[in-house]
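The next block holds one structure in the form of C-alpha coordinates; read it before the comments.
Here the chain labels run A, B, C, D, E, F and G in written order, and each chain numbers its own residues starting at 1.
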Amino acid sequence: METENRPLDALNQSRGKRVMVELKNQKQLIGKLRAFDIHINTVLEDTEELENGLTKRKLGLVFVRGDTIVLISPAH
Amino acid sequence: METENRPLDALNQSRGKRVMVELKNQKQLIGKLRAFDIHINTVLEDTEELENGLTKRKLGLVFVRGDTIVLISPAH
Amino acid sequence: METENRPLDALNQSRGKRVMVELKNQKQLIGKLRAFDIHINTVLEDTEELENGLTKRKLGLVFVRGDTIVLISPAH
Amino acid sequence: METENRPLDALNQSRGKRVMVELKNQKQLIGKLRAFDIHINTVLEDTEELENGLTKRKLGLVFVRGDTIVLISPAH
Amino acid sequence: METENRPLDALNQSRGKRVMVELKNQKQLIGKLRAFDIHINTVLEDTEELENGLTKRKLGLVFVRGDTIVLISPAH
Amino acid sequence: METENRPLDALNQSRGKRVMVELKNQKQLIGKLRAFDIHINTVLEDTEELENGLTKRKLGLVFVRGDTIVLISPAH
Amino acid sequence: METENRPLDALNQSRGKRVMVELKNQKQLIGKLRAFDIHINTVLEDTEELENGLTKRKLGLVFVRGDTIVLISPAH
(Lines give C-alpha, C1' and ligand atoms only; values in the text may rest on other atoms or scores of the structure.)
Protein backbone atom coordinates (compact mmCIF):
# COMPACT_ATOMS: atom_id res chain seq x y z
CA MET A 1 0.00 0.00 0.00
CA GLU A 2 1.22 3.45 -0.95
CA THR A 3 0.43 5.00 2.44
CA GLU A 4 2.65 2.51 4.16
CA ASN A 5 5.67 3.76 2.29
CA ARG A 6 5.95 7.11 4.03
CA PRO A 7 6.92 7.41 7.71
CA LEU A 8 4.43 10.20 8.45
CA ASP A 9 1.60 8.06 7.07
CA ALA A 10 2.53 5.32 9.51
CA LEU A 11 2.58 7.90 12.31
CA ASN A 12 -0.83 9.11 11.18
CA GLN A 13 -2.28 5.67 11.89
CA SER A 14 -1.61 6.37 15.59
CA ARG A 15 -3.57 9.63 15.61
CA GLY A 16 -6.21 9.56 18.33
CA LYS A 17 -4.52 6.60 20.03
CA ARG A 18 -2.19 6.48 23.03
CA VAL A 19 1.50 6.63 22.13
CA MET A 20 4.79 6.62 23.97
CA VAL A 21 7.12 9.47 22.97
CA GLU A 22 10.76 9.06 23.96
CA LEU A 23 12.73 12.29 24.32
CA LYS A 24 16.43 13.02 23.92
CA ASN A 25 16.55 14.03 27.60
CA GLN A 26 15.76 10.38 28.50
CA LYS A 27 12.20 11.08 29.62
CA GLN A 28 9.12 9.45 28.17
CA LEU A 29 5.70 10.93 27.56
CA ILE A 30 2.59 8.75 27.25
CA GLY A 31 -0.54 10.41 25.88
CA LYS A 32 -3.12 10.46 23.11
CA LEU A 33 -1.59 11.61 19.81
CA ARG A 34 -3.65 14.60 18.72
CA ALA A 35 -1.47 16.28 16.12
CA PHE A 36 1.97 16.33 14.52
CA ASP A 37 3.65 18.14 11.62
CA ILE A 38 6.58 17.53 9.27
CA HIS A 39 9.08 18.68 11.91
CA ILE A 40 7.50 16.03 14.20
CA ASN A 41 6.31 18.83 16.48
CA THR A 42 3.71 16.78 18.36
CA VAL A 43 0.66 17.45 20.53
CA LEU A 44 -0.40 14.89 23.12
CA GLU A 45 -3.53 14.86 25.35
CA ASP A 46 -3.89 13.34 28.83
CA THR A 47 -0.13 13.08 29.03
CA GLU A 48 1.95 11.48 31.75
CA GLU A 49 5.69 12.00 32.00
CA LEU A 50 7.72 8.96 33.00
CA GLU A 51 11.28 8.72 34.22
CA ASN A 52 12.86 5.27 34.63
CA GLY A 53 9.44 3.73 33.97
CA LEU A 54 7.69 5.58 36.82
CA THR A 55 5.05 8.30 36.40
CA LYS A 56 6.69 11.55 37.42
CA ARG A 57 4.14 14.17 36.42
CA LYS A 58 0.71 14.46 34.83
CA LEU A 59 0.93 17.10 32.15
CA GLY A 60 -2.45 16.98 30.37
CA LEU A 61 -2.11 18.71 27.01
CA VAL A 62 1.51 18.93 25.83
CA PHE A 63 3.18 20.49 22.81
CA VAL A 64 6.51 18.75 22.17
CA ARG A 65 9.12 20.38 19.92
CA GLY A 66 9.96 17.81 17.24
CA ASP A 67 13.75 18.03 17.48
CA THR A 68 13.67 16.68 21.05
CA ILE A 69 11.98 13.44 20.02
CA VAL A 70 13.86 10.15 19.55
CA LEU A 71 10.95 7.84 18.73
CA ILE A 72 7.18 7.42 18.89
CA SER A 73 5.51 4.04 19.43
CA PRO A 74 1.96 2.85 20.27
CA ALA A 75 1.62 2.68 24.08
CA HIS A 76 1.21 -0.80 25.52
CA MET B 1 -11.97 19.74 13.84
CA GLU B 2 -9.43 20.91 11.28
CA THR B 3 -7.63 23.23 13.70
CA GLU B 4 -6.92 20.37 16.04
CA ASN B 5 -4.85 18.63 13.40
CA ARG B 6 -1.91 21.03 13.47
CA PRO B 7 0.41 21.33 16.48
CA LEU B 8 0.68 25.12 16.27
CA ASP B 9 -3.11 25.41 16.35
CA ALA B 10 -3.16 23.45 19.57
CA LEU B 11 -0.46 25.74 20.95
CA ASN B 12 -2.52 28.73 19.88
CA GLN B 13 -5.32 27.64 22.19
CA SER B 14 -2.98 28.41 25.10
CA ARG B 15 -2.33 31.98 23.98
CA GLY B 16 -3.12 34.41 26.79
CA LYS B 17 -3.08 31.60 29.36
CA ARG B 18 -0.36 30.49 31.77
CA VAL B 19 1.91 27.79 30.42
CA MET B 20 4.91 25.82 31.63
CA VAL B 21 7.84 25.84 29.18
CA GLU B 22 10.50 23.19 29.76
CA LEU B 23 13.95 24.01 28.42
CA LYS B 24 16.78 21.77 27.25
CA ASN B 25 18.92 23.16 30.10
CA GLN B 26 16.52 21.48 32.56
CA LYS B 27 14.96 24.73 33.74
CA GLN B 28 11.26 25.52 33.57
CA LEU B 29 9.57 28.82 32.85
CA ILE B 30 5.98 29.52 33.91
CA GLY B 31 4.30 32.55 32.40
CA LYS B 32 1.45 33.84 30.26
CA LEU B 33 1.89 32.82 26.61
CA ARG B 34 1.86 36.03 24.63
CA ALA B 35 3.37 35.04 21.28
CA PHE B 36 5.13 32.28 19.36
CA ASP B 37 6.22 31.66 15.78
CA ILE B 38 6.93 28.65 13.55
CA HIS B 39 10.40 28.21 15.09
CA ILE B 40 8.61 28.06 18.49
CA ASN B 41 10.40 31.26 19.47
CA THR B 42 8.11 32.15 22.37
CA VAL B 43 7.28 35.25 24.43
CA LEU B 44 6.01 34.87 28.00
CA GLU B 45 4.74 37.54 30.42
CA ASP B 46 4.94 37.55 34.23
CA THR B 47 7.43 34.72 34.01
CA GLU B 48 8.98 32.76 36.85
CA GLU B 49 11.98 30.50 36.35
CA LEU B 50 11.91 27.23 38.29
CA GLU B 51 14.70 24.80 39.00
CA ASN B 52 13.85 21.47 40.63
CA GLY B 53 10.30 22.73 41.17
CA LEU B 54 11.35 25.84 43.16
CA THR B 55 11.03 29.43 41.95
CA LYS B 56 14.54 30.64 41.23
CA ARG B 57 13.96 34.00 39.56
CA LYS B 58 11.15 36.29 38.48
CA LEU B 59 11.85 37.32 34.92
CA GLY B 60 8.75 39.27 33.84
CA LEU B 61 8.70 39.45 30.05
CA VAL B 62 10.85 36.77 28.41
CA PHE B 63 11.75 35.98 24.82
CA VAL B 64 12.74 32.30 24.55
CA ARG B 65 14.63 31.03 21.49
CA GLY B 66 12.59 28.14 20.10
CA ASP B 67 15.42 25.65 19.70
CA THR B 68 15.97 25.58 23.48
CA ILE B 69 12.42 24.39 24.19
CA VAL B 70 11.53 20.75 24.94
CA LEU B 71 7.80 21.11 25.59
CA ILE B 72 5.02 23.56 26.42
CA SER B 73 2.03 22.62 28.58
CA PRO B 74 -0.80 24.53 30.31
CA ALA B 75 0.38 25.48 33.83
CA HIS B 76 -1.46 23.77 36.67
CA MET C 1 24.05 0.13 -11.77
CA GLU C 2 22.60 3.59 -11.37
CA THR C 3 20.48 2.67 -8.34
CA GLU C 4 23.53 1.60 -6.44
CA ASN C 5 24.98 5.06 -6.64
CA ARG C 6 22.54 6.72 -4.26
CA PRO C 7 22.48 5.92 -0.51
CA LEU C 8 18.68 5.94 -0.25
CA ASP C 9 18.45 3.37 -3.07
CA ALA C 10 20.72 1.06 -1.12
CA LEU C 11 18.56 1.61 1.96
CA ASN C 12 15.50 0.83 -0.14
CA GLN C 13 16.87 -2.66 -0.81
CA SER C 14 16.33 -3.39 2.90
CA ARG C 15 12.66 -2.40 2.84
CA GLY C 16 10.53 -5.23 4.19
CA LYS C 17 13.58 -6.92 5.75
CA ARG C 18 14.87 -6.86 9.32
CA VAL C 19 17.41 -4.15 10.01
CA MET C 20 19.43 -2.94 12.96
CA VAL C 21 19.14 0.81 13.61
CA GLU C 22 21.78 2.32 15.85
CA LEU C 23 20.80 5.52 17.64
CA LYS C 24 22.88 8.44 18.92
CA ASN C 25 21.75 7.58 22.47
CA GLN C 26 23.70 4.28 22.18
CA LYS C 27 20.60 2.10 21.90
CA GLN C 28 19.84 -0.24 19.02
CA LEU C 29 16.50 -1.07 17.45
CA ILE C 30 15.96 -4.27 15.47
CA GLY C 31 12.81 -4.49 13.37
CA LYS C 32 11.37 -4.82 9.89
CA LEU C 33 12.03 -1.70 7.80
CA ARG C 34 8.63 -0.51 6.65
CA ALA C 35 9.28 3.08 5.56
CA PHE C 36 11.80 5.90 5.51
CA ASP C 37 12.06 9.37 3.98
CA ILE C 38 14.83 11.76 2.90
CA HIS C 39 15.38 12.91 6.51
CA ILE C 40 15.88 9.19 7.36
CA ASN C 41 12.75 9.35 9.51
CA THR C 42 12.19 5.59 9.71
CA VAL C 43 9.33 3.25 10.59
CA LEU C 44 10.08 -0.23 11.93
CA GLU C 45 7.65 -3.11 12.67
CA ASP C 46 8.02 -5.85 15.30
CA THR C 47 10.77 -3.81 16.91
CA GLU C 48 12.97 -4.79 19.82
CA GLU C 49 15.14 -2.27 21.65
CA LEU C 50 18.58 -3.50 22.69
CA GLU C 51 21.03 -2.03 25.13
CA ASN C 52 24.51 -3.54 25.39
CA GLY C 53 23.36 -6.37 23.11
CA LEU C 54 20.46 -7.42 25.36
CA THR C 55 16.75 -7.03 24.52
CA LYS C 56 15.42 -4.30 26.78
CA ARG C 57 11.93 -3.68 25.45
CA LYS C 58 9.59 -4.89 22.73
CA LEU C 59 8.21 -1.84 20.99
CA GLY C 60 6.21 -3.21 18.04
CA LEU C 61 5.66 -0.40 15.55
CA VAL C 62 8.15 2.45 15.98
CA PHE C 63 8.57 5.81 14.28
CA VAL C 64 12.19 6.95 14.66
CA ARG C 65 13.14 10.60 14.03
CA GLY C 66 15.89 10.57 11.43
CA ASP C 67 18.31 12.90 13.18
CA THR C 68 18.75 10.43 16.05
CA ILE C 69 20.04 7.69 13.76
CA VAL C 70 23.73 6.84 13.38
CA LEU C 71 23.49 3.89 10.99
CA ILE C 72 21.17 1.24 9.55
CA SER C 73 22.37 -2.25 8.64
CA PRO C 74 20.67 -5.58 7.72
CA ALA C 75 20.05 -7.54 10.95
CA HIS C 76 22.07 -10.73 11.32
CA MET D 1 -2.66 44.38 19.15
CA GLU D 2 -1.24 42.73 16.05
CA THR D 3 2.36 43.54 16.93
CA GLU D 4 2.05 41.65 20.18
CA ASN D 5 1.37 38.43 18.31
CA ARG D 6 4.88 37.95 16.94
CA PRO D 7 7.86 37.14 19.19
CA LEU D 8 10.27 39.44 17.32
CA ASP D 9 7.87 42.36 17.77
CA ALA D 10 7.92 41.77 21.51
CA LEU D 11 11.71 41.68 21.40
CA ASN D 12 11.69 44.90 19.42
CA GLN D 13 10.02 46.67 22.34
CA SER D 14 13.24 46.14 24.29
CA ARG D 15 15.41 47.82 21.66
CA GLY D 16 17.47 50.60 23.23
CA LYS D 17 16.81 49.25 26.72
CA ARG D 18 18.95 47.10 28.99
CA VAL D 19 18.33 43.38 28.65
CA MET D 20 19.67 40.19 30.17
CA VAL D 21 20.73 37.60 27.59
CA GLU D 22 21.18 34.06 28.88
CA LEU D 23 23.53 31.85 26.87
CA LYS D 24 23.65 28.08 26.42
CA ASN D 25 27.09 28.09 28.07
CA GLN D 26 25.41 29.21 31.33
CA LYS D 27 26.77 32.76 31.19
CA GLN D 28 24.63 35.89 31.19
CA LEU D 29 25.18 39.14 29.35
CA ILE D 30 23.57 42.39 30.48
CA GLY D 31 23.66 45.28 28.05
CA LYS D 32 21.64 47.72 25.96
CA LEU D 33 19.86 45.93 23.09
CA ARG D 34 21.02 47.67 19.95
CA ALA D 35 20.12 45.21 17.17
CA PHE D 36 18.89 41.70 16.41
CA ASP D 37 17.86 39.74 13.33
CA ILE D 38 15.62 36.76 12.54
CA HIS D 39 18.34 34.32 13.65
CA ILE D 40 18.37 36.22 16.98
CA ASN D 41 21.94 37.29 16.24
CA THR D 42 22.06 40.14 18.75
CA VAL D 43 24.19 43.24 19.37
CA LEU D 44 24.49 44.66 22.88
CA GLU D 45 26.21 47.87 24.06
CA ASP D 46 27.85 48.55 27.43
CA THR D 47 27.78 44.85 28.13
CA GLU D 48 28.76 43.05 31.30
CA GLU D 49 29.25 39.30 31.43
CA LEU D 50 27.98 37.58 34.57
CA GLU D 51 28.71 34.13 35.88
CA ASN D 52 26.76 32.87 38.90
CA GLY D 53 25.29 36.34 39.30
CA LEU D 54 28.68 38.10 39.60
CA THR D 55 30.17 40.47 37.01
CA LYS D 56 33.05 38.63 35.39
CA ARG D 57 34.03 40.91 32.53
CA LYS D 58 33.07 44.21 30.94
CA LEU D 59 32.75 43.63 27.22
CA GLY D 60 31.37 46.91 25.83
CA LEU D 61 29.96 46.25 22.37
CA VAL D 62 29.15 42.56 21.78
CA PHE D 63 27.87 40.63 18.80
CA VAL D 64 26.20 37.40 20.02
CA ARG D 65 25.51 34.55 17.58
CA GLY D 66 21.81 33.78 17.85
CA ASP D 67 22.08 30.02 18.19
CA THR D 68 23.91 30.40 21.52
CA ILE D 69 21.03 32.28 23.14
CA VAL D 70 18.51 30.65 25.49
CA LEU D 71 16.42 33.68 26.42
CA ILE D 72 16.31 37.48 26.48
CA SER D 73 14.54 39.45 29.20
CA PRO D 74 14.44 43.12 30.31
CA ALA D 75 17.23 43.67 32.89
CA HIS D 76 16.05 44.46 36.41
CA MET E 1 42.12 19.80 -12.65
CA GLU E 2 38.59 21.06 -12.15
CA THR E 3 37.42 17.86 -10.48
CA GLU E 4 40.03 18.22 -7.80
CA ASN E 5 38.54 21.51 -6.67
CA ARG E 6 35.35 20.09 -5.16
CA PRO E 7 35.39 17.92 -2.01
CA LEU E 8 32.71 15.52 -3.28
CA ASP E 9 34.76 14.88 -6.44
CA ALA E 10 37.70 13.87 -4.28
CA LEU E 11 35.41 11.59 -2.30
CA ASN E 12 34.14 10.12 -5.55
CA GLN E 13 37.67 8.92 -6.36
CA SER E 14 37.32 6.50 -3.42
CA ARG E 15 34.10 4.95 -4.72
CA GLY E 16 34.46 1.17 -4.96
CA LYS E 17 37.56 1.25 -2.73
CA ARG E 18 37.93 0.51 0.98
CA VAL E 19 37.65 3.58 3.20
CA MET E 20 37.78 4.34 6.89
CA VAL E 21 34.82 6.38 8.15
CA GLU E 22 35.26 8.03 11.53
CA LEU E 23 32.06 8.80 13.43
CA LYS E 24 31.25 11.46 16.02
CA ASN E 25 30.60 8.66 18.55
CA GLN E 26 34.33 7.77 18.36
CA LYS E 27 33.80 4.55 16.42
CA GLN E 28 35.33 3.76 13.04
CA LEU E 29 33.84 1.88 10.14
CA ILE E 30 36.00 0.27 7.47
CA GLY E 31 34.28 -0.90 4.30
CA LYS E 32 33.98 -0.48 0.54
CA LEU E 33 32.50 2.90 -0.39
CA ARG E 34 29.45 2.13 -2.51
CA ALA E 35 27.48 5.38 -2.44
CA PHE E 36 27.23 8.83 -0.88
CA ASP E 37 25.13 11.97 -1.40
CA ILE E 38 25.48 15.71 -0.74
CA HIS E 39 24.56 15.24 2.94
CA ILE E 40 27.44 12.70 3.09
CA ASN E 41 24.89 9.98 3.81
CA THR E 42 27.15 7.03 2.95
CA VAL E 43 26.73 3.35 2.09
CA LEU E 44 29.55 0.92 2.83
CA GLU E 45 29.84 -2.79 1.92
CA ASP E 46 31.69 -5.54 3.81
CA THR E 47 31.93 -3.21 6.79
CA GLU E 48 33.74 -3.77 10.05
CA GLU E 49 33.20 -1.57 13.08
CA LEU E 50 36.30 -0.76 15.10
CA GLU E 51 36.61 0.67 18.58
CA ASN E 52 40.04 1.67 19.86
CA GLY E 53 41.57 0.07 16.76
CA LEU E 54 40.03 -3.38 17.37
CA THR E 55 37.32 -5.01 15.25
CA LYS E 56 34.16 -4.96 17.34
CA ARG E 57 31.50 -6.10 14.89
CA LYS E 58 31.10 -7.17 11.27
CA LEU E 59 28.20 -5.21 9.83
CA GLY E 60 28.19 -6.07 6.12
CA LEU E 61 26.14 -3.45 4.28
CA VAL E 62 25.77 -0.22 6.26
CA PHE E 63 23.88 3.01 5.63
CA VAL E 64 25.52 5.82 7.66
CA ARG E 65 23.64 9.09 8.25
CA GLY E 66 25.90 11.87 7.03
CA ASP E 67 25.69 14.14 10.05
CA THR E 68 27.36 11.51 12.25
CA ILE E 69 30.52 11.45 10.14
CA VAL E 70 33.72 13.31 11.08
CA LEU E 71 35.97 12.21 8.21
CA ILE E 72 36.46 9.66 5.44
CA SER E 73 39.90 8.44 4.35
CA PRO E 74 41.21 5.61 2.14
CA ALA E 75 41.75 2.52 4.34
CA HIS E 76 45.36 1.47 4.79
CA MET F 1 20.68 55.24 12.16
CA GLU F 2 19.55 52.48 9.82
CA THR F 3 22.91 50.70 9.82
CA GLU F 4 22.78 50.33 13.58
CA ASN F 5 19.62 48.25 13.35
CA ARG F 6 21.20 45.14 11.84
CA PRO F 7 23.67 42.96 13.79
CA LEU F 8 25.98 42.37 10.82
CA ASP F 9 26.27 46.14 10.29
CA ALA F 10 27.43 46.51 13.86
CA LEU F 11 29.93 43.71 13.30
CA ASN F 12 31.10 45.45 10.15
CA GLN F 13 32.18 48.45 12.23
CA SER F 14 34.86 46.22 13.75
CA ARG F 15 36.33 45.22 10.39
CA GLY F 16 40.06 45.95 10.32
CA LYS F 17 40.17 46.27 14.11
CA ARG F 18 41.23 43.79 16.78
CA VAL F 19 38.40 41.70 18.16
CA MET F 20 37.99 38.92 20.69
CA VAL F 21 36.13 35.88 19.38
CA GLU F 22 34.79 33.49 22.00
CA LEU F 23 34.26 29.91 20.84
CA LYS F 24 31.87 27.21 22.05
CA ASN F 25 34.91 25.11 23.06
CA GLN F 26 35.72 27.77 25.72
CA LYS F 27 38.76 29.13 23.87
CA GLN F 28 39.19 32.74 22.81
CA LEU F 29 40.82 34.11 19.69
CA ILE F 30 42.14 37.68 19.52
CA GLY F 31 42.99 39.01 16.08
CA LYS F 32 42.24 41.63 13.44
CA LEU F 33 38.80 41.09 11.89
CA ARG F 34 39.40 40.74 8.17
CA ALA F 35 36.20 39.16 6.88
CA PHE F 36 32.91 37.54 7.88
CA ASP F 37 29.79 36.31 6.11
CA ILE F 38 26.12 35.75 7.00
CA HIS F 39 26.95 32.40 8.66
CA ILE F 40 29.45 34.37 10.82
CA ASN F 41 32.27 32.38 9.21
CA THR F 42 35.07 34.73 10.22
CA VAL F 43 38.67 35.41 9.15
CA LEU F 44 41.13 36.89 11.64
CA GLU F 45 44.72 38.07 11.07
CA ASP F 46 47.61 38.08 13.56
CA THR F 47 45.59 35.80 15.80
CA GLU F 48 46.43 34.59 19.26
CA GLU F 49 44.54 31.77 20.93
CA LEU F 50 43.86 32.20 24.64
CA GLU F 51 42.77 29.67 27.22
CA ASN F 52 41.87 30.87 30.72
CA GLY F 53 43.14 34.33 29.76
CA LEU F 54 46.65 33.14 28.81
CA THR F 55 48.09 33.10 25.28
CA LYS F 56 48.30 29.47 24.25
CA ARG F 57 49.24 29.67 20.57
CA LYS F 58 49.96 32.22 17.87
CA LEU F 59 47.91 31.24 14.84
CA GLY F 60 48.40 34.11 12.37
CA LEU F 61 45.64 33.94 9.75
CA VAL F 62 42.62 31.93 10.93
CA PHE F 63 39.38 30.91 9.27
CA VAL F 64 36.75 30.22 11.97
CA ARG F 65 33.58 28.29 11.11
CA GLY F 66 30.67 30.47 12.18
CA ASP F 67 28.71 27.86 14.09
CA THR F 68 31.51 27.51 16.64
CA ILE F 69 31.32 31.18 17.67
CA VAL F 70 29.53 32.40 20.81
CA LEU F 71 30.31 36.10 20.60
CA ILE F 72 32.57 38.73 19.03
CA SER F 73 33.63 41.88 20.85
CA PRO F 74 36.23 44.64 20.27
CA ALA F 75 39.50 43.59 21.96
CA HIS F 76 40.56 45.71 24.91
CA MET G 1 40.67 44.35 -2.02
CA GLU G 2 37.29 42.82 -2.75
CA THR G 3 38.50 39.23 -2.41
CA GLU G 4 39.69 39.89 1.09
CA ASN G 5 36.18 40.72 2.23
CA ARG G 6 34.77 37.19 2.01
CA PRO G 7 35.92 34.41 4.36
CA LEU G 8 35.96 31.72 1.65
CA ASP G 9 38.25 33.90 -0.48
CA ALA G 10 40.70 34.09 2.39
CA LEU G 11 40.49 30.32 2.74
CA ASN G 12 41.09 29.97 -0.96
CA GLN G 13 44.49 31.65 -0.55
CA SER G 14 45.57 28.57 1.42
CA ARG G 15 44.63 26.13 -1.35
CA GLY G 16 47.61 23.93 -2.21
CA LYS G 17 49.39 24.90 1.01
CA ARG G 18 49.67 23.05 4.31
CA VAL G 19 47.00 23.97 6.83
CA MET G 20 46.04 22.96 10.34
CA VAL G 21 42.39 21.99 10.72
CA GLU G 22 41.06 21.90 14.27
CA LEU G 23 38.06 19.64 14.85
CA LYS G 24 35.26 19.82 17.42
CA ASN G 25 36.46 16.47 18.83
CA GLN G 26 39.69 18.23 19.93
CA LYS G 27 41.87 16.57 17.29
CA GLN G 28 43.94 18.43 14.73
CA LEU G 29 44.66 17.52 11.14
CA ILE G 30 47.66 18.92 9.27
CA GLY G 31 47.71 18.46 5.51
CA LYS G 32 47.73 20.18 2.13
CA LEU G 33 44.42 21.93 1.43
CA ARG G 34 43.14 20.48 -1.82
CA ALA G 35 39.47 21.42 -1.85
CA PHE G 36 36.62 22.90 0.20
CA ASP G 37 33.02 23.95 -0.44
CA ILE G 38 30.50 26.37 1.09
CA HIS G 39 29.71 23.91 3.90
CA ILE G 40 33.48 23.91 4.63
CA ASN G 41 33.57 20.21 3.68
CA THR G 42 37.33 19.99 3.19
CA VAL G 43 39.78 17.65 1.45
CA LEU G 44 43.37 17.43 2.71
CA GLU G 45 46.33 15.52 1.22
CA ASP G 46 49.31 14.01 3.05
CA THR G 47 47.42 14.41 6.29
CA GLU G 48 48.64 13.74 9.80
CA GLU G 49 46.28 13.57 12.76
CA LEU G 50 47.55 15.13 15.97
CA GLU G 51 46.29 14.77 19.51
CA ASN G 52 47.78 16.97 22.24
CA GLY G 53 50.37 18.15 19.72
CA LEU G 54 51.69 14.66 18.92
CA THR G 55 51.27 12.85 15.59
CA LYS G 56 48.79 10.05 16.21
CA ARG G 57 48.09 8.73 12.70
CA LYS G 58 49.07 9.35 9.10
CA LEU G 59 45.87 9.51 7.09
CA GLY G 60 46.97 10.52 3.59
CA LEU G 61 43.94 11.83 1.70
CA VAL G 62 41.11 12.90 4.02
CA PHE G 63 37.60 14.17 3.40
CA VAL G 64 36.43 16.16 6.47
CA ARG G 65 32.73 16.95 6.96
CA GLY G 66 32.48 20.72 7.36
CA ASP G 67 30.31 20.79 10.45
CA THR G 68 33.04 19.11 12.51
CA ILE G 69 35.55 21.90 11.87
CA VAL G 70 36.30 24.67 14.38
CA LEU G 71 39.01 26.54 12.49
CA ILE G 72 41.54 26.34 9.66
CA SER G 73 44.92 28.08 9.79
CA PRO G 74 48.14 27.93 7.74
CA ALA G 75 50.41 25.26 9.26
CA HIS G 76 53.59 26.54 10.86
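Structure notes:
Heads up, the rule we're going with is that a residue touches a chain if its C-beta (ideal position, glycine included) is under 8 Å from a C-beta of that chain, and two chains touch if they have at least 3 such contacts.
All values derive from a computational prediction rather than experimental measurement.
Following the contact convention of this document, G is the list of chains adjacent to both chain E and chain F. Traced through touching neighbours, the fewest hops from chain A to chain G number 3. Annotation: 19 Å between the Cα-based centres of chain E and chain G.
Between chain C and chain F, the centres computed from C-alpha atoms are 42 Å apart.
Contact of a single residue of chain D with at least two other chains is seen at positions 67. Following the touch contacts around the ring from chain A toward chain C yields the chain order A, C, E, G, F, D, B. Residue ranges on chain B touching chain D, taken from their complex, read 23, 25, 29, 34-37, 41-43, 47, 59-65, 67-68. Considering their complex, residues 4-11, 14, 24, 26, 40, 66-67, 69-74, 76 of chain A touch chain C.
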